[in-house]
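Shared chain: subunit A. Partners: subunit B in the first complex, subunit C in the second.
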Partner chain A sequence: MAEKPEVNEAMAGVPKTPQEINEQDVVVSAPSTLKTVIREFKQDKVATVALILLIVLFVVVAVWSFFIPNSKVTDVNIMDQYLQMGTSGHILGTDEQGRDLLLMLIASAKNSLFIALMITIIGQVFGIIFGMITGYFGGIVDTIIMRIIDFWTVLPFMMIIIVLVSIVSKYNIWTLIGIIGLFSWQGTTRLIRSKVLSESDRDYVRASKTSGSSNVMIMFREVLPNLSSIIIVDSTLTFAGNIGIETTLSFLGFGLPNGTPSLGTMISAATDPTVLVSKAYVWVPAAVFIIVITVGISFVGQVLRRAFDARQRLG
Partner chain B sequence: MSEKILLSIKDVSTAFKINGEYYTAIDKVSLDLHQDEVLAIVGESGSGKSTLATSIIGLHNMNATKINGEIDFNGRDILKLNESEFNQLRGNDMGMIFQDPLAALNPLMRIGDQIKETLDVHSDMTENQKNARVHELIDQVGIPNPERVARQFPHELSGGMRQRIIIAIAIANKPELIIADEPTTALDVTIQAQILDLLKDIQQENHAGIILITHDLGVVAEVADTVAVMYAGEIVEQGPVDIIFNEPKHPYTRSLLRAMPTLDTENDDLYVIEGSVPSIKKMDRNSDLFAPRIPWVPVTPGHPEIKEVAPGHLVRGENWKYFKFKDEV
Partner chain C sequence: MWKTILRRVLIMIPQIIILSILVFMLAKAMPGDPFTGSIGPNTDPKQIVALKRAAGLYDPWYQQYWHWIVNLFHGNLGESYTLKQPVTAVLGNRISNTIWLSLLTLIISYAVAIPLGMTAGRYEGSRRDRGIVIFNFITFGVPTFVVFLLGLFLFGYQLGWFPTTGTISADASGFIGEALSRLNHMILPAILAGILGTTSTIQYLRSEIIDSKSQDYVRTARAKGVPTNKVYSRHIFRNSLLPIAAFAGFQITGLIGGSIIVETVFSYPGMGQLFVSSITSRDYSVVTAIVLFTGILALLGSLLSDIIMSIVDPRIRIE
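Take a look at the complex of A and B:
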C-alpha cells in the first residue's frame, strides 16, 4: 500500500499527452548508399582490412612512382647483381641487372595497375553502350550483337592477344591496352543487357515514354542510374581480373615492351631455376603484391555487391 | 461536355505476335471522346481495356504488334506518325496515369526531376521556371510542402502521394487527353475517392478529355460521362452513364451490374458470371464470344454486330431482347 503513491509520483513525471509533432520535424529518409556501404564494411573485418591495405598501396604506388626516375628502372648495373635484401641500401635487394627491387616493384605496379584500369574503363564503356542497345531495342539488333559476342567469347583470347602483340610492329603501352581491350567488353555487355532487359519493361520506363522522352533520353536518364550498382560491382571485379591478364601476358613475355617494367616481368625472373629456388627475394614481393591486390579487390567487391543487394546484406 | 471531338477511334484492331502468329486482342473498336468528357472503359481482366489505352498512346513494341484502323487525335491520324512526331504529342497533348504508382516512378530519381522530365522534353522554360512549375504542380495535386517533396525519392512517399505525383507528371503540360489506366486500383478506398476528386478537378480546370479504364463500376458511376463496356477485345455496349446503369441492355453489362455488391442486397451470395474471358488464342471471332458464358440462352449463329438502339446508345447483337438471367428463366 505504501508503495502506491510513489508509483503515482513517478508517473507524474511523464507528460500525459504526447508532445505535438510538427510536420517539419519529421524527416523521412532511408540510409544513403554511402551509409549502407560503410555499414557492410563494418560487418566484414577482412574486407575493411583489405580496403585500407588497397588504399595505402594505391596511394603509395601513385605518388611514389612519380619520383622514380626512369633511369633507375632501366639502367643495368652488373656490379650490384642479386644483392640480398637490405644490403647497401637496397631494401628488397636487386635483380639480375642490379636494379633496386623496391623501386622496380613500385614502377611495375604503377604500369600494371594503370593498364588494368584503362582496360576496365574500355570494357565498361563499350559493355554499357552495347548492353544498353541490345537490351533496350531487342529484336534483330539484339540477335546480331549477341551472336557476335557468342562468337567472340569462344575465341581463345590469350592466343589471339599474343599473336596480335607479335605482329604489331611498333607497339607501346597504349597498343597493348587496345589489344586487351578488344576482349574486355563481352562479359559486361551480357551483364548489362540482362539487367536492361528487365528494367526496360518496367512501368517507369513506359511512363517516361508517355511523357514523350526519346529512346536515348530513357536509356541514359531512366535506365542507366538503375544499373549503377551492378556497374560498380562489375568494374571492381573485372579490374582484379584485368590485373591478372596483364601480368600473365608480361610473364609470358608478350606484355609490356622492354624497358617498361611490369609485375609480370618481375615474376618471370622465376623462370630461372636458381632464382626460383635460392633467390626467392627477387620474385616473391611482386607475386605477393599481385595476390594482395587481386584478393583485396575481390573482398571489397563482395562487400559492394552485398551493399547494393538488400537480400544479401549482413548488417 | 463540349461538342468538339478530341479523339476518334475508328475500327482499331490490335494483334499480338505470339510464336510467330498474330492473335487479335482488340477487334474493330470505334469510339469518340469529346473535350471535357470522361469516358470510362469497363470490363473484366483480359477484355482488352489496357491494350486499347496502350494502342492509343503507342506503348506497344511494334516488332510484335500490328495495329490497324485509324486513331484521329485533333485531326491527325496518330497511327501514321513516326517516333519523333509521336514524342512531340506524348506528354504534351496526351498524358497517361498508370495503375501502380510505385512501379511508374523511377526509384532512383528525385520527384522533382521526374516531373521536370516532361517539361524538359516539351517546353523551353528556364531552369527556374521549371522548378517553379514543378512546385506549382505538386501543390496543385494536393501535396503540402512542395519544395521538400520535390527533393524526395519515391520510396519516401505514401501510395496516395505517389499516385498524385503520377498525375502531376501526366498533367504537367496541360494535355488535352488524359488516359488513366486503373488509377485507383492500387490504392485504398479513402485515397481512391480523393484521387477521383482530384482527377475531376483537373479535368474541369484543364478542359481535358479523360479515358478512364477501370473494372470498378463504383468509380464509373462517380466520375464518368459515358461508358464503353468491353468484352474479349470488342465493345459490347456503349452509352451515357445513366443509361448504362439504369437501362443496361447487353447480357454482359447486365451481368456485370448484377455482380456488383450493393448495400441493400438481401441475398448473401454474390452473382457470378459463369466461366471466364476466353484466352486470346482461343477466341473465335466468327461467333458470339459472350455466348459460352450464358449457356441457357439459345445461340445465334455468326458474329453479332453493334447497333444503335437509342441515340448514343449502342449494343452488340440481338439476344439482349430476350435475355433473362438463369434464375429468372
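Take a look at the complex of A and C:
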C-alpha cells in the first residue's frame, strides 16, 4: 500500500493507519470459557437464580440424605398417618404410612437424581462412542448405525421400558438404570456424529493422519476435546429429561422398586382422588421440587449452549 | 421424488419385520400363556399340556413366530387373559378414544405454537421473544405428568371447570349432546398436553423465521415494496410452515406414545390407560397387541414425515 501514494492520500483523514497501531493495542485474547459462561449468566438473571437454587438443593439433598436412616423411609407408623403440615414436629406432615414427608422428599430426591445421573452417564458414554465411530469412519458403518438409530428413535420407548420392567426377574435399581439406558443413547449419537462429520474434514485431523496417528488417537485425543462444550450442554439437557423419565415411570408404578423412594412414587399418591384434592400436602411439595429442578436445569443448559455458541450469545 | 418415496417405503418393510420380531420376543418373555386363566383346581395338568401342544406352544420359536404372524394378518390377536374377549374387540373402542384425544391435542398444540413461534422469530431479542423462549424452556424441561396432575387438581377439582374422569357423562343424550360431552371430557387433557407439545414446533419455527429473514427472496419482496406484515404472513410463513407440516407425523407418534401418561392421570379410557391396567393385571396378550400397534403407528408416522419432507424439500431427493 505504501508504494501507492494516491491510496495514502485517500487515507489521510483516517486517524490511524495500520502502521501506526501499537503492537500491544491489537493483542486481543479470547476470553476463557469460564469467563464467557460467567458473562452469559450475568446477562440472564432467571438462569442465575436457577443455578444458585440448583446448587443449594443439590448440596442439601446430597449431604442430608446421608444422615437419614433407612428405617425412616421404610417403617410404617399408622398412628401418625396423614398428619398436617407442621404437626408434632413433621414440617411437611406425614404420608399414608405415617412417614415424615420432608425426610421422604430428601431421600426420594437423592434416588431420583442419582438414577438420572447414571442414565445420563450411560447415554453419554455410548452416544459418544457410537457417534465418534459413525461420524469418523462414515461409509457402511455409518449407514448401518444410522438405520438402527432411526428405527430405535421411533419405537414407543415408554411402553417397551414398562414391559421390560414388568418381566425382568431380578429387579433392582441397576436393572432399571440399564433398561432406561437402552433408550438414552440415540440422541447423543446423532448429535456427536453430526459434529464429528464436520470436524473430521478439518486440517488438524488431516495433518494428524498424515503424520501417522492412529484413528483411536485422533478420535479421542484430538477430536473429542473439541466437542467438550457440546457434550456439556447435551448432558445437562438430557439430565433434565432423564429425571422426567424416571419420575414418570415411578409415578406410573414401574420405576424404582418398593422400599426405594422416588419423587414419582411420592406423587403417585395423588392418583387417589381424595389425596389429590384434600391432602395436597402429600404430593405438591414433590411436584414443585421436580418442576424447580427440571426447569432450572434446562435454563442452565440453555445458558451454557449460548455461551458455547458465539452466534447466540447475549453478552 | 417417486424414487425417494419408493425407497423410503421399501426401508419400512424390514423395519416392520424387526419390530414384529422384537414384540414377539417380548411377548414370549412375558409370563403366562393363553391357558393360564383357565387353570382351575380340578384341571388335569396333562390336559393343559395337551392344549398347549395343540396350540403350538412347544414348537420352535420360528414356527411359533410364523403362526403368530399368520394369525395377525387374519386379524386374530388372541384373547385377553382377564376379560375373556378377543383382543381386537377390547382394543377397538380404546383406540378411537386415543385417536380423538391425540387429534384434539395436535390441533391445540399447533394453534398455540404457530403464533408464538412466529412472534418470537419476527421480534427476535425483544421482550416478547425472551418471554416465549422462557416458556419454551419450561415446557421442555418439566415432566408432563406433574403438569397434568396440577392441572387436574386446579381446573378439575378446585375450580370445577372440567370433568375429572372418563370420556362421556352418563346423562348425555342425542348425537349433539354426546359429542359435546365427549369434547368436554377431552378438553382439559388436550389443552395441557397441547401446550406441553409446543416445544419443538416453537423452537423450529422461531429459528426458521430468523434464518429466512436474511434470505434473498425476503429482501426481494421488501425491495418490491411488500408491506412488512405481508412479508411475514405470506413469504416467510409459507416457507417455514412446510417443514413444520412434515414433522406432524412425528408429533402424532409422540402423542400416541405419551397417551399412557395423559390417560392415566385423567382416567381417560384410551389405549394408554388400557396398557397400564393390562400390565398391572398381567394381561399380556393385550399388552403385546398395544405395543405392536403403537410401534407400527410410529413407523407409519415417520414414513409420513419423510414423504412430506421429500415433497417439500427437493434437496433430499435421490435422482
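The criterion applied here is as follows: the second predicted complex is superposed on the first by the 286 of 315 C-alpha atoms of A that agree within 3 Å, B and C clash if a C-alpha of one lies under 4 Å from a C-alpha of the other, contacts with A are read in each partner's own complex, and residues count from 1 in each chain.
We adopt the following convention: a residue touches a chain if its C-beta (ideal position, glycine included) is under 8 Å from a C-beta of that chain, and two chains touch if they have at least 3 such contacts.
None of the values given here were measured: they were computed from a predicted structure.
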| item | value |
| --- | --- |
| Fit or clash between subunit C and subunit B when superposed on subunit A | fit |
| Dominant toucher of subunit A (residue count), subunit B or subunit C | C |
| First (subunit B), second (subunit C), both or neither touched by A:T265 | neither |
| Touched partner set for A:D203, first subunit B, second subunit C, both or neither | first |
| First (subunit B), second (subunit C), both or neither touched by A:S250 | neither |
| Partner chain in contact with A:A240 - subunit B first, subunit C second, else both or neither | second |
| First (subunit B), second (subunit C), both or neither touched by A:S211 | first |
| Where subunit B and subunit C come nearest after superposition, their Cα distance in Å | 10 |
| Touching residues (chain side subunit A, partner subunit B) in the complex | 23, 28-30, 138-139, 202-204, 206-215, 217, 221-222, 225-226, 228 |
| Contacting residues of subunit B [partner subunit A, same complex] | 57-59, 61, 63, 83-84, 87-92, 94-96, 98-100, 103-109, 117-118, 121-122, 144-145, 152-153, 155-156, 166, 169-170, 172 |
| Residues of subunit C defined as touching subunit A within the complex | 11, 15, 18-19, 26, 29-31, 133-134, 137-138, 140-146, 149-150, 152-153, 157-158, 164, 253, 256-258, 260-261, 264-265, 275-276, 279-280, 282, 287, 290-291, 294-295, 298-299, 301-302 |
| Touching residues (chain side subunit A, partner subunit C) in the complex | 46, 147, 150-151, 154-160, 162-164, 166-167, 237, 240, 243-244, 247-248, 251-254, 264, 267, 270-271, 273, 276-277, 280, 283, 287, 290-291, 294-299, 302 |
